[in-house]
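Report on the structure given below.
As written, the chains take the letters A, B, C and D, and residue 1 is the first residue of each chain.
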Amino acid sequence: MGFYEQILQFVLTGLTIGAIYALVALGFNIIHNATGIVNFVQCEFVTLGGMMMYTYYSLLGIPLILSFFLSMTTIILLGALIERGPIRVARSKAIIVLVFITIGLSSTIRGTALLAWGPDNVPLPSFSGENVIRILGAAILPQHLWIFGITIGVVIFLQYFFHRTLIGKAMRATAVNRKAASLMGISVNRMVLLSFAMSGGIGAVGGMIIAPITTTSYDTGIMLALKGFSAAILGGYGNNAGAIAGGLILGVLESLGAGLISSKFKNAFAFLILLLVLFFKPTGLLGYGESERV
Amino acid sequence: MKRGLLIILVLGFCMFSSGVSYGAEPIKIGAIFSLTGPGAHIGVAQRNSVLIAIDEFNKKGGVGGRPVEMVVGDDESDPTKAVMALRKMVETQPIVALIGPTRTDTGMAMIPTLEKEGIPTFMHAGGDVIITPVRKWIFKSPYRAADAMERIALYLKKHNLTKVGFLHASDGFGKDGAAIVDRLAAKHGFEVVAKETFDMKDVDMTAQLTRINARGPRAIIIWTIGPPMGITTKNARALGITVPLFQCHGGAEPIFFRLAGDAAEGVMMPSTKIVVADKLPDTDVQKKKLVDYIKEYETRFKDVPGTMVAYGADAAYLLLEAIKQAGPDRAKIRDALEGMKGYVGLSGIYNLSPEDHTGTTAKDIALVKAEKGRFILVE
Amino acid sequence: MGISEVILKVDHVRKFFGGVAALNDVSFEVNRNEITAIIGPNGAGKTTLINLITGIYPPTSGKIVFERKTISRLKPFHIAYQGITRTFQNIQVFHNMTVLENVMVGLHTQTESEFLNCLLHLPKVKREERQVAEEGASLLRFFHLESKSDWLSSSLPYGEQKRLEIARALAGKPKLLLLDEPVAGLNIRETEEMAELILKIKKMGITIILVEHDMNLVMGISDKITVLNYGQKISGGTPEEVQKDPKVIQAYLGEE
Amino acid sequence: MRNRFKFMAPFTQKKETLFLIIFALGIVLIPLFVKNKYYFMVMNIVGLNTIVVIGLNLLIGFTGQISLGHAAFYGMGAYLSAIFTTTYGFPPWPTIALAMIITGMVAYFVGYPSLKLKGHYLVMATLGFSIIVHIFMVELDQITGGPSGFPGIPHLSIGKLVFHDDLKNFYLIWTFAFLCILVSLNLVNSRVGRALKAIHGSEVAANTLGIDTDKYKAKVFVLSAIFASLAGSLYAHYITFISPRSFDFYYSIQVVTMVIVGGMGSVWGAFFGAGLLTVLSEILHVTEKFNIIIYGAILTLVLVFLPEGMVVGFYSFYRRRKVKTLIEKEGN
């Protein structure tokens, strides 16, 4: 394998994992824009996506496509449940308290997943076979194509939703100014509910499409989600285009870093980038998705 | 108010201390495993393996009629918790010996206490640091990593595969392996053309494998346990790598096929004979013991035992044998362990001595290959 | 009116938020020991102006001079040390602290114990603590809040929270006090009390900038008035002059 | 909505002195009644956690800034002490101070840039930082011993007195815990303490009153890191073995939970939270797998229903009732 083929290989694998980071980053953004909090349950959305699909497909024998959508629906409901439950019931709405609540929930769900599925990694079948595809000397799996395809699909859907539908526009309005939005007759609570449901769905999709490559277990979501968050910061926290760019860039940088520099500190790259961005360009590559409020 | 809290706290401690009093009848041995946390998938299997050994021992009459009872502790794969679990056990239970723990770091954390208290201990942890230098009270049952890799080196030599790529996890086990491979390369005359590392939580090792593959190795050794076994195998196959792949001596587990899927086909690894017991020649002295054990394990836990189970069981068997010989006395048990010669275990023939607290050699190790969802004996 | 000394000068100040001008080329002066009111319809940029003077954000261009010193690039805490304190339109008392503690925080600029001294509780800290507690208590007496000094500030009724916020701002011994809608949400009796209070503060020799919608109050107690509309100054002068200004009547009073 | 998130200034100075005396007496007297080494070990771990949690509470509870990276500072203290004393033969006590200084400086570089930003960027900066530190602990195995850990750390000693058993370490650790409680109480009942609480209450308002909020936030962050470093050093010299697993993300979550359960903004609450959760997780041992769920559930439930934490929560309930009766009396 020549040098350029190697580079191509790194970039392609980087883009695949980067697509997952991008999805997770979008999930973080949507909730951040609606509520201003960092939602740590995002880790569990990713994990549960994969685990539910494993349950439906491998344990219950439901067809793959049906399992995919069933699993997504389950996590969407879970997201909604979390908002309707602890987040809305909470006696204090201080940001710091809500963030900690999501940390607590994340722990609880992870523990439950451990009980339900045990500590072992479980596999998911690829959506369409495992025959290696060669592109200019680099090798990828059909599943990689699925990851690209589905990620693009999700992005197009979100673009349409936020810019072409009334409810999507209402969500954007809420993000810009909660008070004004509620004065305009938008139910802020409903927007928050919707944001949790959507993040759940997007996170679950990320978890499901990566699982056939990496297998999945009760705690796979943590690392993916933390890197997804780094991606969100890199792109500009709250900015959806930034999330996608950030995710892809992070994935490629990580892969190139591991491939060309040293695999020893591969996982440190993402967080090093996170720190550097926070120190030198806190608005991220594409800036904040919302205006400053005092 | 505050005083009230203090009282509650003190009461809490006292509730602990009331303790549980048993009759002096059973001989107690401690057993600490990683039943939760990152080491759990091994820890649970090892607990099961020890349970079988102890029940079998008690059925045969125990130590002159006295049964052996196992006191189980969980170290949560955490060194601090491991020491706490050990202290608790030492303080509350009259244990004469200890089995476990599962992980190298939890084992290392427990060593100062074990040495100070003088508790003969048979560990399940893989890291050779545990028995280098040899410590008075500490033994371990898994093969030395060096022996296991030597088994692979012998294969490489035989098939004249002189250029080797090495991929390892960044945990203690993986790093041990990275040091050993250099030593063996010199000894057996092969060259390590690339050496790469990954984190246990990584989900994609394509970059590392691409780098290795670019150096044109004739064989690739992957040194890790757990989920990365599957991911690395899959990644290697996805990259179209066709040279022989080796996993480590912890890999021959049923879960390997689930993790690696179709990619598992043809991957080789050193292993205990437990995974190929039915294919052993009848002349093999371990065969009967292995077959019986497997039957018992399968009926009791509805699961197929992997190579880790064999290590766990051997630790228990050896310790029980020593207790039988020496009676419930810590120092005597230790001496008996050190004098154990030619003991036929599941993982090999153990010859322990003051210089060797593991007791197996490369000869005891089988090289197996994954084929159609089963392991077969290579040589 | 005699020759008065200018204490604060706002000089051609602009503030843009993402291309939108919140303030466009605003200039005015505040005389020492006067009450200067800033009025204007909603969105005129009054609060933005206060935020600029107190350093919450820097002006896009132009400068603000306080006692001959340019303060337009200073951070809020620096400006507090220069002798400018303020209250907020939406009350910002520290809900997590008692009434007395709130005022004691206001005395921050008057004291100097830092981390190390405080950790070790050196004699100097003890002395300072006693002094701060006494001063705080006397301020609370002045504002008729002494009976509630160990209440959590969030449990005070609204009007008292407003008074507390002024007490806290006053604790810093400011030369210039900025009041952002001090009587918004108060009933008539409370408003009258507040007017008296503001005049009392003026008598202490403190210059006051007042942002307010209540025209009776503004016309009653102000010495000067600056009128803003759409981020621009449209008028300024004594209450009588402003009231007669046709531009003001059109832009502001005409509305009502 | 916001003012429902109430804190009480929980204890008066006089009461605090009383508590300190009771606390000190407790430290002296407990060894007379307890003989079991395991209980001492549990109490010692409580003590170490108390030191970390008190520092963290100054940051989270008083100043309202979230850190998920204190495991890293705890680990830095432990590793710096271990490496300098064991590998390079430095004397232990000065090394502890050196570790505190280094950790403090590192904390400043991590904290200051993210604390200047609006919003909760510190959470992620600290989280990212702690993961990087963890990776370094694992990867720099020549220095740190890597994932297998770092054995053979010497016990602390003063002259001929070697702190080699659980009881001696009990006195050592709790003396430090006592000192930490003492200085923290000093701090919170002072100009600086009020400034920190003011930042939590309203950062903008605090700033306009002359408080250099960026500086204070950075300083209290550094202080909390120094506390954690101290605890880490004591831990290393007590257990004599350290490995990266003890300083991972879960430890950060654990101490944060202790802060919250004990009560944000209460020094004594920090002690209570550390004690309750450390003991609880030992009792819960029986239930193995349920541990992590119970931890999470406690965190969630306390936050949803008692956001002030258990100590302050119950206390403020009691205070509120008292205030209510006072008002009723006034009415009569």
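By our rule, contacts are C-beta pairs under 8 Å (C-beta built on N, C-alpha and C of every residue); 3 or more make two chains touch, one makes a residue touch a chain.
Just so it is clear, the structure is predicted and the values come from calculations on it, not from any experiment.
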item: Chain whose average C-alpha position is farthest from chain B's own; value: C
item: Centre-most chain [mean C-alpha coordinates]; value: D
item: Between A-B and C-D, the pair joined by more C-beta contacts; value: C-D
item: Distance from chain D to chain C - Cα centre to Cα centre, in angstrom; value: 39
item: Chain centre separation (chain A, chain C; CA means) in Å; value: 46
item: Cα-centroid distance, chain A relative to chain B, in whole angstrom; value: 36
item: Between chain B and chain C, centroid-to-centroid distance (C-alpha), Å; value: 72
item: Chain C: positions in contact with at least two other chains; value: 56
item: Where chain B touches two or more other chains at once, by residue number; value: 36, 170, 197, 199
item: Multi-partner residues of chain D (at least 2 other chains); value: 2, 5, 135, 139, 204, 289, 291-292
item: Contacting residues of chain D [partner chain C, same complex]; value: 2-3, 5-9, 183, 186-187, 189-195, 197-198, 200-202, 204-213, 219, 223, 265, 323
item: Chain B residues within the chain A interface of the complex; value: 36, 40-41, 44, 170, 196-199, 201-204, 206-208, 210-211, 213-214, 226-227, 230-231, 234, 237-240, 255, 258-259, 261-263
item: Contacting residues of chain C [partner chain D, same complex]; value: 54-56, 75-77, 79-81, 85-86, 88, 92-98, 101, 104-106, 108-109, 111, 113-115, 118-121, 125, 128-129, 132, 150-152, 154-155, 168-169, 172
item: Contact set on chain B toward chain D in their complex; value: 1-3, 5-6, 9-10, 12-13, 16-17, 35-36, 73-74, 76-80, 83-85, 87-88, 90-92, 104-106, 108-109, 111-112, 127, 129, 170-173, 175-176, 197, 199
item: Chain A residues touching chain D - in the complex, by the definition given at the top; value: 36-38, 86, 89-97, 99-101, 103-112, 114-115, 222, 226, 229-230, 233, 237, 264-265, 267-268, 270-272, 274-275, 278-279, 282, 292, 294
